[in-house]
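In the part that follows, the structures are each spelled out as structure tokens.
Each of the next two complexes has chain A plus one more chain, namely chain B in the first and chain C in the second.
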Partner chain A sequence: MLKFFLSLVGAVAFVAAGTGPGAEAQQPKRGGQFNFAISAETPHYDCHGSDTYATLHFSAPFYSTLLRYNLSKFPEVEGDLAKSWAVAPDQMAYTFKLHEGVRFHDGTTLTSADIKATYDRLRNPPQGVVSNRKATFADIDTIETPDANTVIFKMKAVNSSMMDHFASPWNCVYAAKDLATDPNWPKTHINGTGPFTFVEHVKGSYVAGKRNENYFKKGLPYLDSYRGIFTLQAAAMLNAMQGGQVLAEFRGVSPAERDRMVAAMGDQLRVEESSWTLNLIVAFNVEKKPFDDVRVRRALLMAIDRWGGSVGLSRISTLRSVGGIIRPGSPFATPEAELVKLPGFSKDIAKSRAEAKRLLAEAGVPNLKFVLWNRNLAMPYTPAGIFLVDQWRRIGVEVEHVQSDTAPYLAALRAGNYVVSIDFSNLFNDDPTLSLTKYLSTTKNPLNLSRANDAEIDKLYEQQLREGDVEKRKALIRALEKRLFDQAYQQPLLWWHRIVLTHKTVMGWKMSPSHNLGADLAEVWLNQ
Partner chain B sequence: MADVASALPVSVPLARRRGALLEFSRQQPLGAVSFVVIFVMMFAGLLPQFVAPYDPLDIDFAQILGAPSWEHWFGTDAFGRDIFSRIIWGSRTALVIGFASSFIGSAIGAVLGIASAYFGGRIDTWIQRFVDVLLAFPIIVLALVVVAALRKTVVYGVDVNLIIAIAIPIVPRVARVVRAAALTVNVMPYIDAARAAGYSDQRIIFRHMAPNVVAPFLIMFTAFIAQAILLEASLSFLGLGVTEPTAAWGLMLSGNAADFYREAPWMVIFPGVAISLAVFAFNLYGDSLRDYLDPRFKV
Partner chain C sequence: MLRYTISRILFMIPTLIGVAVLVFFMLRIVPGDVVEVKLRGDGGNVTQEMVEMERKRLGLDKPLLYQFGDWMVGLAKFDLGKSMWTDRPVIEEILIRLELSLEVAILATIFATLLSVPLGTMAALFRDTWIDYLVRIVTIGGLSIPSFWFGMLIIMSLLFFNWLPPITFTPIYVDPVANLTQLIWPAMAVGYRYCAVTARMIRSSLLEVMNEDYIRTARAKGVFEKLVVSRHALRNALLPAITVMGLEFAFLIGGLVVTEQVFNLNGIGQLFVQSVARNDFMLIQGMVMMIAAFYVFINLVVDLLYGVFDPRIRYG
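Up next, the complex of A and B:
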């Protein structure tokens, strides 16, 4: 039933998409170099320890995963390295049979030991290794490898989201021998089984890959080579696309950028749109004063007019929908009628701001000043920062807006060197567990950048994870959401709307509600 | 009686100053016009809250990309912010950064230039090679490198490192000009006399040399205010200067302006005009000041 709902949402999401590049029924052509833009440069190469698309758009073509999403039938899951799989009737064991003869780029053969090493690193990273997926794989008890092509995941408890977790694009499979050499080896080196082999990374400029002649999916990839060019300035990226230096950018552009490119390129351009499994979050570092006081945090959230902001910001940025912690419109999302009752979502903004001022005065910080830490990405981080500064000024709060490049931005967030920040929740599907993991206690999930520890949230998370009844699960998710917003550790600002531009010559790439998916380029070809 | 006596010393310099201003206006009419532009800009920059009709940071989504009108003389931007008010407040950013970086760069450059000329020998060689190295970089490239290396340090709403980044490229240029002027002064008989009288280097430099290179210093200082304003606008345009939502002219030309300049050309026209006018005024004033102060131009 859940899958049906999710499929329905996926289908609805593509209504506005128009004709996708995969839709033209043509015989794929082999060859050619594909140049595309990546609008941020990854801080490192390790998929496991990253939460930014910049890493996936860089690393995904070099790696395979156990399962993946079939983007033609999203959110249906299909095998990648797994040839077949079986789920035990009690959902306490997942058995995967691997493709035979899969080779890493260094020539060594992939075995179940590599899968085990990869998932051991994901669920229980060694000292000094960051795994952002630690919480999502916490239910795995043991990983067994009865033979070289079979791997069995035995569970501690039933987890209704496991198949989605296995299909996560972040689970790049690494070679066990590489991890044995140095657990942090994948941060600075590339050795995968993906459709492309690594050629070079010129920092600040581009990443290049060439066809993996030994790729285990016969006939793929179609391209000879590709180059992902780092174009941090949107204007530069659009100019490059207009000039044909790059043929695509897979993250997304703003409505204004779309209109400009359509006017300039006409039918040479393909435009695809979808709602986006991505939101910006306002996060407070609860370890820093005065943000250890719930009244201060709640006051700041109550000052934000999301409903008015969504109308204006959707005209000028990729920000669009007002929603709670689950993507609006998806099966588990909080309906608007319930959402408006939560702190920070009231439609009576005057009353909400009056209450916010009262809370600040009560907390003894009527003239609060702080630095808002933000990412130096024009879309949509800058508009979001401008909007928040304006909203907080309206309750007498003075904010200094500081933007930083991706690597130092993330480093500061992870280290807790901020007081208030614009964070993001970068999802790849609408599975509630995936969305909620972000808000688990920071001891359980380092991705909770508010650094809050809340046993009640952890308990509700656990309960919804084990709950098989959809309505009961929804109730638990609502309870978790209410607790989170009452405590105001962090809160989604707005959800994004994805617009992807590609040259008409780019074929085989598939649009989805997540810019983390479909980044391996295996089926992309050039109709030139 | 006492009142009359105390008024006398004041009234005389005032009259002299008025006379000097009139004389400057008569000799340099374009300089006088540019002075008026600078004065207006300074007034707006010092008291923007009395000049600007709106708060420059106030977002009004009902007014997104509004064309120039009686309510919004220069139109509104992508956030519905009043562009006229942002230009008024932007003049403060331009002036603070322009004056501060030009003064710091010119002052350090003047000290290096005078020291280089006065001491000569190895000190001169070392300073001049250092100046050569700095001059080898285009001004914008050097500023870019410095601003990228120093990052942001905001003190009282002003990015100190941005000021330093703009001041550094000014240093060698002023040092070179001031050194040339100081070399001329250095061979004057009164400097020899001061040396013969046993005055200290410090006293000779600050009492006898520095006052005689004030004219080129002032001219360079004024001219580099324009350069600094332009540099600040360029760095902000490139995303390395001041950050949103601060009102700054260069910043107004980047970001959303690049997205909407076709449907809302006023988003780029008015900040562009403001930058051009300010740079033109300071350059013209600097030139006029040079013509007015330099006796060679009076011959």
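Up next, the complex of A and C:
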């Protein structure tokens, strides 16, 4: 016990001191094979048609993107294939100059035609191709390629999120000739310009890559090779890390798993923590009685003690931060002083619950009973569901907590066969547009689980998207958030907290609030 | 014998057709489909149009009977179709994992046989002595402790030395040492239970056989006790044990779900769990058909082995 406690104190002190891989100013060493764990296996290799980190942790080392996030200064954007760029004063054109002499793994040279082919596929996928970013790039009017190293995106309308969209890790750049051969070529083949070249994918077991000797960023990557090993069970992954079979896992672990590993490995382990661009959402189906009554919905949100709950839940689960619709602590987030004034976020929980009871009585449902529909994933869905059951019990509401496998869960939600559910939002940055899409009217976005249609929310969404002034945009986002919470269609429960464990020999990897970023391994090296 | 074997093989066909009908239609009762999980399982903001397009591509928009007919025609040509999750042929997905699962099953069978035959025999020959009691404790332990739990104990013991076997599979023909270093532990974990079941079966069966008239006759003729046991008693006592071992072996091919997870093995059991979680109907159907065929085949082998061990049994 004492050993465990001392190890934990040591590890926490290690994190607090900022002794992360970025903080250790050592000369990177070249060479070595890096084995790391990927806790899910991608169904295909195509970044454009995927939303799972499993695809990025698999494919990112093989590809480049036009822009990317500078993880040391997140959410600042930096060039990847783009050497420089310029945004027109009216924000109606984006011009990118590409690095020269960039070569695909098959030896062909990258040109602006490859960028155009990639973005044409993203915004207007051919028949039979799935692009999850079609809506993201809907504001692009034309893509011009005046020369081999210049590409110009001309817009139909101003879009304040374009730079974030260009920096998305999902926009892997493919070769135009590969796409011409078969638009679905990237689903099953790999030919990128990234720091590693593809060696093999043993289904169900691992993906292997080796250094791209022609990588356009001179001196990178440091590693000779790597293996991303699929470890689908958290316990198996932790055992493998403790036994030295893998040196890292980049998605994240729970606090209990962190504590176990700290106790077992002590100072051989590096623990890095950050708030996470993921949250759980409580959604009410407004088509079902009595949840068509705003008083009922608001009462249920007001009964939740988020501030107290975050303290307890953060000890046992990946849930931690209290926040509105934008990740707390990020540039567009609502400050705590304003947040506590919104329904569901008051720190005076006794007063809030008294009001909740009054609202239920006024709505004629003082002894409300319903089923809470939840996903059958232990972390963090189960603790979140149990927490909500307890919170609502305190205002006399009886809740049956039903957890289901992903397929029937999604089927029930899409069909509207639920009254209250725990939904989730999986983001890769703090761009407001990305966060707010979830809350658009169901006629515009069928993924809005509340099934609510609210013209005011749609209008505010459109206004913030077209607003170039940051402060004015913030005001519009606040107004949208207030409208959403006043109407209580759905509301974030808590934001997740990311904990990443790596062996101390793993250097150069940068922590960020998203597990979808920083997966290219270009700057990772082994200190052994 | 040949006629019997051929007729048994022909009887496999209606059995497998029955399994095919059951698995196909029962899976369609499950709500949800693979497209939702694939495109929206991680929160993807995918339009309904794209979901419908993907459903169409996978043939999920066609009438159920048409889908069934299509699949059955494929089955008749030994084509199990393509995985709806990966778009790769089902047979390819299975074959990648089958080698590992088969090897674990074979290693566990060897482990179980090497231990269970002497343990069961000793327990029967030294009935109600300390040897019998010791074997009972060991075998009841094997029956009581789930394989995955024993596997976890093995892993904990290995981690005590800060060591763990490799977690990626190396075929035995590529590197036998790396292969056995990885697979010997799960084979032990499942082999222990396998051994316990078989040892207890051999013990009880041998006790019964040892009281038979022909054993008394053999002894009266002055045959050495060692020969009485090995040539006359054990040979007959092994018959029920063979049945159990056959069923256990077939079970190990697809039934090591949790043990495979504990040891991070890329086997058939894990694939089964993943395909069910994803509603990958084609893959589930393919695996059920493969395992059903395996069970039927193993039963045939067991029946044929009866004839080898007991010359009185002849199939005509």
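Definition applied: the second predicted complex is superposed on the first by the 323 of 528 C-alpha atoms of A that agree within 3 Å, B and C clash if a C-alpha of one lies under 4 Å from a C-alpha of the other, contacts with A are read in each partner's own complex, and residues count from 1 in each chain.
We adopt the following convention: contacts are C-beta pairs under 8 Å (C-beta built on N, C-alpha and C of every residue); 3 or more make two chains touch, one makes a residue touch a chain.
These figures come from a predicted structure and were not determined experimentally.
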{"item": "Touching partner for A:Pro75 - first (chain B), second (chain C), both, neither", "value": "neither"}
{"item": "Touching partner for A:Pro186 - first (chain B), second (chain C), both, neither", "value": "neither"}
{"item": "Partner chain(s) touched by A:Ala235 [first = chain B, second = chain C, both, neither]", "value": "both"}
{"item": "Which of chain B and chain C A:Gly508 touches, first, second, both or neither", "value": "neither"}
{"item": "Contacts of A:Arg393 with chain B and chain C, given as first, second, both or neither", "value": "first"}
{"item": "Partner, of chain C and chain B, that touches more residues belonging to chain A", "value": "C"}
{"item": "Which of chain B and chain C A:Gly344 touches, first, second, both or neither", "value": "neither"}
{"item": "Contacts of A:Thr382 with chain B and chain C, given as first, second, both or neither", "value": "first"}
{"item": "Contact residues of chain A, present in both the chain B and the chain C interface", "value": "233, 235"}
{"item": "Chain C partner contacts - residues on chain A that touch it in the complex", "value": "43-44, 50-53, 128, 130-132, 134-135, 187-188, 202-206, 227, 229-233, 235-237, 239-240, 242-246, 264, 405-412, 414, 424-426, 437-438, 445-447"}
{"item": "Interfacial residue positions of chain B with respect to chain A in the complex", "value": "57-59, 61, 64, 78-80, 152, 154, 157, 239, 243-246, 255-256, 258-260, 262"}
{"item": "Chain A-facing residues of chain C, complex", "value": "30-34, 36-48, 50, 53-54, 57, 85-88, 92-93, 96-97, 155, 158-159, 162-164, 166-169, 261-264, 266, 270-271, 274, 276-279"}
{"item": "Of all residues in chain A, those that touch chain B in their complex", "value": "233-235, 254, 256-257, 260, 263, 308-309, 311-313, 315-316, 376, 378, 382-383, 385-387, 389-390, 393, 400-403"}
